[in-house]
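Chain IDs A, B, C, D and E follow the sequence of writing; residue 1 opens each chain.
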Amino acid sequence: MTRKHLLAAAVAAAIAGQAGAAETVRIGELHPITGPASYYGLPESQAIRLAAEQINAAGGLDIGGETRMIEIVSGDTQASPTGGVAALRKLMADGVQIIIGPLSSGVAPALTPIIASADVVQIVDGSIAEGLTDGRRMFRNQATVGDYNLALERLAKARGYDSVAIMTDRFHAGFMESQDDLTAVFSEQGNAVVAEEYYKLGDTDFSGQLTTIAGADPDALIVRGYPSEGALITRQVRDLGYEGQIVWEMVSPPSTVMKNIDAATMEGVLNAIPPTTEDYLNLGNPRAIAMAEAYEATYGSVPGELAALSFDALHIVAAAIEKAGSIEPADIAGAMATLTAAEVPALINTYGAQEDGRLFDETGQVSLPGAVSVWQGEGWVPLTDLAAD
Amino acid sequence: MSLLSVRNISVSFGGIHALSDISFDVPEGVVWGLIGPNGAGKTTLVNILSGLIRPTAGSIAFDGHEDGPWSMSRAVEIGIARTFQQTRAFNGLTVRENLRVAAVAGAGHALDLGIARRLGLEDSLDRVAGELPYALLRRLGVALALSLKPRLILLDEPAVGLTADEIDRMGALIRSMTADGVTVLLIEHNVRFLMSIADRVSVLDRGRLLFEGTPAECQRNPQVIDVYLGRGGEDA
Amino acid sequence: MLEIRDIDVGYGGLRVLQEFSIRIARERPAAVLGTNGAGKTTLCRTLSGLLPVRRGQILFDGEDVTALGSAERVRRGIVQVPEGRQVFPEMSVLDNLRLGAFVHGEPSREEIAEVHALFPILAERSRQNAGLLSGGEQQMLALGRALMTRPRLLILDEPSQGLAPKAVDQVGEAVRRIAARGVAILLVEQNLALAEMVAEHAFILETGRCVRDGPAAELLSGDALAKSYLGI
Amino acid sequence: MHGLTRPLLVSLVVLAAALAAVPLLNEYVLYVAMLAALFAILAVSFDVLLGFTGYLSLAHGALFGVGAYCCAYLTARAEVSFWLALPASALLTAVIGALVAVLAFRTRDLYFAVLTLGIGLVGHQLFLVASGITGGIGGFVGIPSMPEIALFGSPSQQKLVVALIGVWITYLAATAFVRSPLGVACQAVREDHVLAQALGIRIAVARLSAFVFGAFFAGAAGALFATFSNFVAPESFAVLAAGFQVVVLVVVGGMGTLWGPILGAVLLTALPESLRVASTYSLLAYGALLLAFIIFAPRGIAGFLIDGARRLRSARAGREPSA
Amino acid sequence: MLELLPQQLANGLALGSTYALVAMGLTLIFGVLLIPNFAHGELYMLGGFLTYAGVTAGLDFWLAAVLATVLVMGLGVLVDRITFKPLEQASGLSLMISALAMSIVLQQIATITWGTEPRTIPNPVPGILRTPFASLTYHKLLIIAVMVLGAVGLWAILNRTRLGLSIRAVSQNRDAALLMGIEMWKVRAATFAIGAAFGALAGALLGAAFPIYPTMGVIPVLKALVVLVLGGIGSIPGAILGGLLLGVAEVLIAGYISSELQDIGAFVILVAMLLVRPQGLFGRAQIER
């Protein structure tokens, strides 16, 4: 054990030597910056950098009276478990003790054992897989898949669907692991599940499954996965003559949707997930609008759907550091556990407060209940009354 | 008593008779020559004896084993080894490795470099077979077969492409095999060479056994001369 | 017409032709005779440009063609009927003939008719796949295909191999007629039958070297070759 | 086995040097080095089949997964000691490898490659579908760590030490195998299987043993991977991940030598890590480097080094290299 | 369930046609030149992206598709020059690795140019043909038609043109073809261009139904490999029949057995097929080397 401490001391000394006089707070972010998942990962990474720049421009962090700037260190998970672990190890070897991320549910559980045994605090801003947090060192400001399903379940109940069919992306860890719970709730509520079918990311032809589903003609078809397949499934099932309600459960930026399906076919499709960046923009959330404008000015593109979560994650970390007055992971984690939404004024997302007003529950999880929106024209519109359109 | 006894072997490929009703007996300790023009079926016969292809009909007995025709591994097991007309060696391996493969993996005994010495390969042991000069490659082919310590060796045109000196050397080698108790069945185009070392000769023509006798009888036989030079003969 | 000067050809460590030299005149069809492994096919492939020459020169009509590619040699009229005939088995007889004329564009009807006249069987089997022809018919096709190329020198690599004697006679007859049109002939053979019918001059090839040459009548009749082959 | 002395000594020296470097490495480098070592085990075992027997199997990544899941199940669910689970996983993988081999060896060349590709894809799908055992897409969580070895360093250092010793054992076993009568027979199969048969070699036994040998060590590497990561997911064992990766490692390292694949594994694990700084261009650079490499050194690093050494030797001898 | 069978069969034929379309280019290049061009999937991908680029620049879909196809044909020849030509003497394995490397390079060029966001070309033929037994979108009918036309076109090129004559000659006997004065580099370039054209055309057409993104070619090429082996490597009829077989099998498994087992089922069919007929449907028995 002494060896370990020696090593840690040596690393700390090396870092101190590196950082020199203008000491910064190093915060690591782990997202897929390269590879196919970079479409989701890059905006998250950029939103974090944006938030950091804004905080620094406003004078930096006030840590027990001392002012420090934030330095973001990026780690590319390449959306693979080994890539993610290597990136995390690299960040830790560089002395980073505060981690934001990861996005992928396939990466997150690979990081957990390492973070659990290290002096690091983590806030997950992407993965929705169950577990992952412990309320001591590991937190999450993203919804869990259970939160996602909550909206679906309420929708099915309110609409009184007699029969539902479910198409699930079996490469999506979160959706797959919650499949049984979801069908159990549906059955309990009297929404008979008449078909449970699967597909995988990258599939292009779903006609085998969809012909069966269209033949069963359920009141609702629930599609769980990613928007390009969602758009395809929607088109193909309509082509097969299915006329029931189509319900998506997926993060689906309208820009991506519009690149893959025409607006007329999408009209009336429902989506049951927690509100996304786009939703907050549509709702006229001023902080969302400010963030989007700054994002566009900096990166020349619109922020991704998950950008608001990543943006929030950095602000939560910053608030926790200031509250703790320390950059020790244990202190930050302690402050994070007691943080209230009011203490983080920059938050874009509307988190449900815990009973005692805290942001995180005792397992380190925020409450971010799903909501239902409907596709109208060229985008999602929040649905206020579940029982009617 | 004959070492190898071939009875009524026939084989056809796609309706064409490559060999019809071939029978002969090879006594122990001789060099038995087998000649005939291209397409006569000589290599087919070697392929059958070594188990590479199965005949359509007929039986083979060898050294008390009556169960022929047999598989390639069985043939090696009972003491029949062969060489190939287009010399086959393991081209990516060195000479030493080639011999090791034959001795260790094929015959199941240790590498014996005496064979390499006998074939004049001792200076080339570390050369890659694929880069050997032609004559050495042919000798390597024979060395591989000898490494199996066979009782009968089937040599498919060992002298092809060799210079006169090398042919003489090959002839001496073949004679020395019989001295060691190895019986030789020798297919050859170079009739001069064959006649000089064979004890007895069979002539194949279009799948049939045309002649059998001593080399001297063979060279005098007008039918053999005609067939061999590709003059006349009856239609197939 | 064709002059080969001291060429060395080989594969890897193997030297197949060594300091090989011969001269061939248009008006005297020539035969190169040798046993298996003497280097006959290597010689043919070298002349067609499929194998590089390591040393020496090949002159055709006084021009050095040593460095030319196979297509250019074909254009200049060096045409080969390869060993084993090498027809395109899954193509029709007609398509095989068209390929013969490839370097000159589409063959005219007259050209095809001419070949058909020489080999009537090819007209009969025009639409059939070449792979379905008998050995002798395939040899006719290979010859006809070579004629379509408008050869000035026709190299024949063991055309009698695997043929029945009657078919050999037919091939010999055809080659004589081709020679009569002023095409130079280089017949590379193991068997005497065809050479006796066709050649006026002969070379004997042993292990990559030309060991004897002379008028075919002298070299082939009597015992000279029988001695070389049979060792009498 | 007197011929084994030299590889034994040389590899011991290399191993000692590698072990001596372990205390100098930080956690990140330790992790990457550990991955490289596991891939080296995979590559060396795979080379016995690809480089020495001449068969391209794309099912090796799936066999790696069999070992990983087997060890995960044994240690996490059946609570077997890791030191028992490791050989058990390797053995089970060898048995499954034998079944795969019996199927696949009915074909050759590209057909063999595609058939094993199919088997590899089926294996990956089975990891996904058999979620009761494997945890499905969510992965197998909570695999116990290797028991601590009291003698040496931090857990990460211990992992690397075990992995390096694993490479060493694999290398020696592979060396012994390729020099054994079976291994010699495998090379005969690779070079010319008709001649091999004519020499009485039972080619079916030879190539089966090569496949099983490869499967055994792939299983062992998988078991180490599972216990070192505490978590495994099907994605790591997809044909497009480990399945192709191991082919690339062996070909880039140099087929038919046993040290070449180790160099290949080290280089190609280090390369993407060193390209991390280039982020958006890292994959492009990786592809371009790989392309350049295969074009300019088609026989791999080993071939490149051997040629270089030969040229150096003949230059020293003052003559042209002979053809 | 059984009343859905005609619909499922129609689905399967439509899916199978997409496989056949991709596989034809791959099998042509392999059959003629013995090159496993795994980068075919990236030519397919570029066919999709370039058509998309053309359509978003305001071109008519068909014009854009033709332009993209021509561009990708040139690219196919370039891929051969860079990836395979320098390795003429090397083993098939080296060819495979260099193809893999080229795939990565092309994917990354597409990523840098267009990003990884999936997008779909607006469907040029909207609408559905409904019959009492089955209904198919016009787009699927278009793909089946293009597959059939492509096969007929390829047949015509191979059997009715001089170029085709030389390609067939090279595929049957390379040496004899050289003796006819056929120039290898021309055949090589033409084969790659035609093969690439099939990839590009498939990409353009399927991009009007399926999302386009840089790694979209990976799975189709794996499927095409399976199709190749099913049908017999190098055989064009084999590619078509193998493609249709795989498509129908996948759809029927998803429709009647389990969509979770779709991939496993398809590969079990492959394995079973190879065990019964190791050379594929139309393949010649493997030749001893």
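Assume a contact is a pair of C-beta atoms (placed from the backbone, for glycine too) under 8 Å apart; a residue touches a chain by one contact, two chains touch by 3 or more.
This is a predicted model, so every value here is computed, not measured.
K.L.:
Hey, what chains does chain A share as contacts with chain C?
P.N.:
Neighbours common to chain A and chain C are E.
K.L.:
I need the common contact partners of chain A and chain B, sorted by label.
P.N.:
D
K.L.:
Could you work out how far the Cα centre of chain A sits from that of chain D, in whole Å?
P.N.:
36
K.L.:
How big is the gap, in whole Å, between where the Cα atoms of chain B centre and where those of chain E centre?
P.N.:
50
K.L.:
Let me have the rounded angstrom distance from the C-alpha centre of chain D over to the C-alpha centre of chain E, please.
P.N.:
32
K.L.:
Quick check: how many Å separate the C-alpha centres of chain C and chain D?
P.N.:
53
K.L.:
Among the residues of chain A, which ones contact at least 2 other chains?
P.N.:
35, 170
K.L.:
By residue number and range, which residues of chain E touch two or more other chains?
P.N.:
Touching at least two other chains: 111, 218, 260, 263.
K.L.:
Counting only residues that touch at least two other chains, what does the list for chain B look like?
P.N.:
131
K.L.:
Which of the chains touch, listed as pairs?
P.N.:
A-D, A-E, B-C, B-D, C-E, D-E
K.L.:
Help me check something: in the complex, which residues belonging to chain A touch chain E?
P.N.:
Listed in rising order, the residues of chain A that touch chain E are 35-39, 170, 197-200, 202, 204-209, 211-212, 215, 227-229, 231-232, 235, 239-241, 255-256, 259-262.
K.L.:
Per the contact definition, I'd like the list of chain D residues that touch chain A in the complex.
P.N.:
26-32, 35, 128, 131, 136-139, 141, 145, 153-154, 229-233, 235-236, 241, 273, 276, 279-280, 282-283
K.L.:
Which residues, counting only chain E, touch chain A once they are in their complex?
P.N.:
Chain E residues touching chain A: 1, 3-4, 7-8, 11-12, 14-15, 18, 111, 115-120, 122-123, 128, 130, 135, 137, 206, 209-211, 213-216, 218-219, 250-255, 259-260, 262-263.
K.L.:
Where on chain A is chain D touching in the complex?
P.N.:
For chain A paired with chain D, touching residues are 3-4, 7, 11, 33-35, 74, 76, 80-82, 85-87, 89-90, 92-94, 105-106, 109-110, 112-113, 129, 131, 170-174, 176-177.
K.L.:
Can you name the residues of chain B that touch chain C in the complex?
P.N.:
37-39, 130-134, 137, 157, 160-164, 189-196, 219, 225, 228-233, 235-236
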